[in-house]
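Look for chain A in each of the two complexes below; its partner is chain B in the first and chain C in the second.
Our next item is the complex of A and B:
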């Protein structure tokens, strides 16, 4: 019983790690209609931005995290301005390929500045806590707390603010949004900022959970895409549900298969979904004209 | 609050190919003009060029005192233009209330001199006025706009355009897809909107309905103006089939 609980808890934790970038992916997809392949590299770059403030400048983790999140969001906006905006009217495939280029540049920039070797944040190691037999380490608590808080914040912005309404309006019907006075580029810039901030936060949480290396984001890309598609990629909050389902099922799979096959679960889920329900669990079929 | 719209020598189209050629027309402040014409005559393209969704290849446009032909669509809405497209005219995943609110807040939200509470009060006053024109959607505010019936959706679209507080309302085929009864009902409402003094430019397939609420009509064929006349003249005297289908035009006006 306690073993199952532990597995479920670990599954929720790893699901939350994927949920943030999956939400970022689904947000940019719903507003811009292209799959941002650079989501992994954004996560890496964000994690290293925080590392630069934390280990480079010697700031404590909290101010480093805040500065890194603002920087990560700013870099995402800058990339939009330099790369995606000039390609706005092109096909989704063109933009997807451009995002691969962005991923390549970001990842190698990190490698160029910080080197190839794994590094870690300057935080004190701490002994795991125990709650009624459940083993919970401090990083997991941070992941759950920060993960849920970030998701709630984005949900509130998306649901209840003028910016959120404008984002949903552009996602729903961009020409009509323009005719209602919404300046698309402003909304798109804000969307990228949120996506960059989410990816940076996820990068930090992953870095706290293990280590930072230039490949770290890339290792998450398949899971992030699987989670977002599982939820229905154009429904941002559903991507979160997708990530949690994926996290828990990957952990549960360790009951029947060897743990190092766990990444297979994301591939299997993605394959089955694309075969039987490509629009996701919560999504609706969209026909291309 | 209304403003005149003046188009001079407007040529517009897509990808460098002109669909409407050298169209000039004028809608006086508080007036109503309906553009009629057969399918494919360029009516929608003309309207989209007025709204700013299709760029101009030649000619000029004025709304009130301002040249608008170089402005993008959001900038034109700030000068008082509101547009109701024929299809996809609501945000389907947003509630009717959010659709209405979007009409208001982009232009009037975060109003400089107004406090938050004053802004809210003015928004809800405006919403009450608009819902008085369209009582059918007043009890559907929480419904996603995509789930409304055709007639209600058209009303929600018009209501959210009116939330902008426009001086010029541009309507693309308001009767499209509606039952004759709903279409007639909708045009009664358009007449009510006109009575508030808003300038109206619309295109309409249903010639009878479209001209009933207008002072003037323009017949557009193959992207060119065939005839300009009073709505009354077009309704009762013009040989529209001949005009539409290219027989010798009756040029009396």
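Our next item is the complex of A and C:
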């Protein structure tokens, strides 16, 4: 019984790790209609930005995290300005390929500066806590706390603010939104900032949970896409549900197959989903011929 | 110097074959294949393992090509009715999972130890280079025939507007599976040549960089233009491959930094080419029909 509970808890924790970048992916997809393959590299770059403040400048983790999140969001906006905006009138496939180019640049900038060897944040290790037999370590508490707080924050912005309304308007019908006086480029910039901030936060949490290495984000790409598609990629918040489902099922699968095959589980879920219900659990049909 | 020239020409031919294959899938048909390196790796392993049983290397080559073609067709089936972004993630997922299998299933692939002593179909460096160039030429010839044949026209129609292609009675699904499968089979040629060139393979040799090289070749050459791909292979890819040999001469950068720098260059090059020269170096083949002058009256 307690083992099942532990598996569920671990599944929720790893699901939350995937939920943040999956939400970022779905946000940019719903506003811009293209799949951003650089999401993994954004995560890596953000994690290393925080590492630069934390280990490089010797700041404590909290100010480093805040500075890194602002920097990660800023870099995402800059990439949009330099790469995606000039290509905005082209086909989504062109943007897709361009985002792969962005992924190469970001990941290898990290390699160039920080090297290939894994590194870790300067934080003190602590003993795991026990709640009624459930083993919970501090990193997991941080992941749950920060993960849920970030998701709630994005949800509030998306649902209740003028910016969120503008984002939904552009996602729904960009020409109509423009006709109603919404400046598309400002909304798109804000969307990228949120996406970059989410990816950076996820990068930090993954770095706290294990270590940082230049491939860390790339290793999550399949799971992030599977989560976003599972939820229905044009419904941002549904990506969170997709990620949690995926996290728990991946954790359950470790009972029967080796843990290093996690991405394989995500891919299998994705394959089955694409064959039977490609518009996701919550989405509506969007089929091409 | 001759051995340097030999290896660089072999590597450029192999990269050129992979880029030609991508040009059929993405350039001509519009199917984004981010998992190209997975098919390439599959072919390398099939070649190595079949050749290791003592069978003729030519048989191993044929097996690698056939199996990769079938794997490509099956992978494209998963996202057949969906938009292009889905094919991109499905192929990437396929490739990454295959790499995991290659790392962890030691009974099948010898894991990170790798497979050594892979035999080549021909003996001698000169003969091997000739084999690579012939393979490049044959792939080019085949793809040029396809580009000019009704199949190539149908492929361009699928890329530009699948609905119109369907309306004119084309079987869109079957065409996509077929074209993707042919492309994967040609990628298989490149993968098998890779294994027989290095005579040793392990999972670290295969990664998204192989895909990036192919995209680079197609984008700079000009989407849909096989001649453009050849031109860009022997200019851009030649230059990039050439920087591999700079390691001994640039003291102030570590080899790892130099590798990272090369990948940054590839990324920047891809983006700049997409923004500033989307048509590439050589325009795509178009059937030209002489239009009779309108009759006055």
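In the analysis below, the second predicted complex is superposed on the first by the 286 of 289 C-alpha atoms of A that agree within 3 Å, B and C clash if a C-alpha of one lies under 4 Å from a C-alpha of the other, contacts with A are read in each partner's own complex, and residues count from 1 in each chain.
Just so we're on the same page, a contact is a pair of C-beta atoms (placed from the backbone, for glycine too) under 8 Å apart; a residue touches a chain by one contact, two chains touch by 3 or more.
Please read all numbers here as calculations on a predicted model, not as lab measurements.
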{"item": "First (chain B), second (chain C), both or neither touched by A:115", "value": "second"}
{"item": "Partner chain in contact with A:101 - chain B first, chain C second, else both or neither", "value": "second"}
{"item": "Chain B versus chain C, judged by how many residues of chain A each one touches", "value": "C"}
{"item": "First (chain B), second (chain C), both or neither touched by A:182", "value": "first"}
{"item": "First, second, both or neither for A:53, with chain B first and chain C second", "value": "neither"}
{"item": "Contacts of A:169 with chain B and chain C, given as first, second, both or neither", "value": "first"}
{"item": "Touching residues (chain side chain A, partner chain B) in the complex", "value": "162, 165-166, 168-169, 171-173, 175-183"}
{"item": "Parts of chain C lying in touch with chain A, wherever the complex brings them together", "value": "30, 32, 34, 78-79, 81-86, 88-90, 92-94, 96-97, 100-101, 103-104, 162-163, 166, 172, 208, 211-212, 215, 219, 256-257, 259-261, 263-264, 266-271, 274-275, 278"}
{"item": "In the complex with chain A, residue positions of chain B that touch it", "value": "51-53, 72-74, 77-78, 82-83, 85, 88-94, 98, 101-103, 105-107, 109-110, 160-161, 164"}
{"item": "Chain A residues within the chain C interface of the complex", "value": "34-35, 37, 83, 86-87, 90, 92-94, 96-98, 100-105, 107-109, 111-112, 115-116, 218, 221-222, 225-226, 229, 258, 260-261, 263-264, 266-267, 270-271, 274-275, 278, 286-289"}
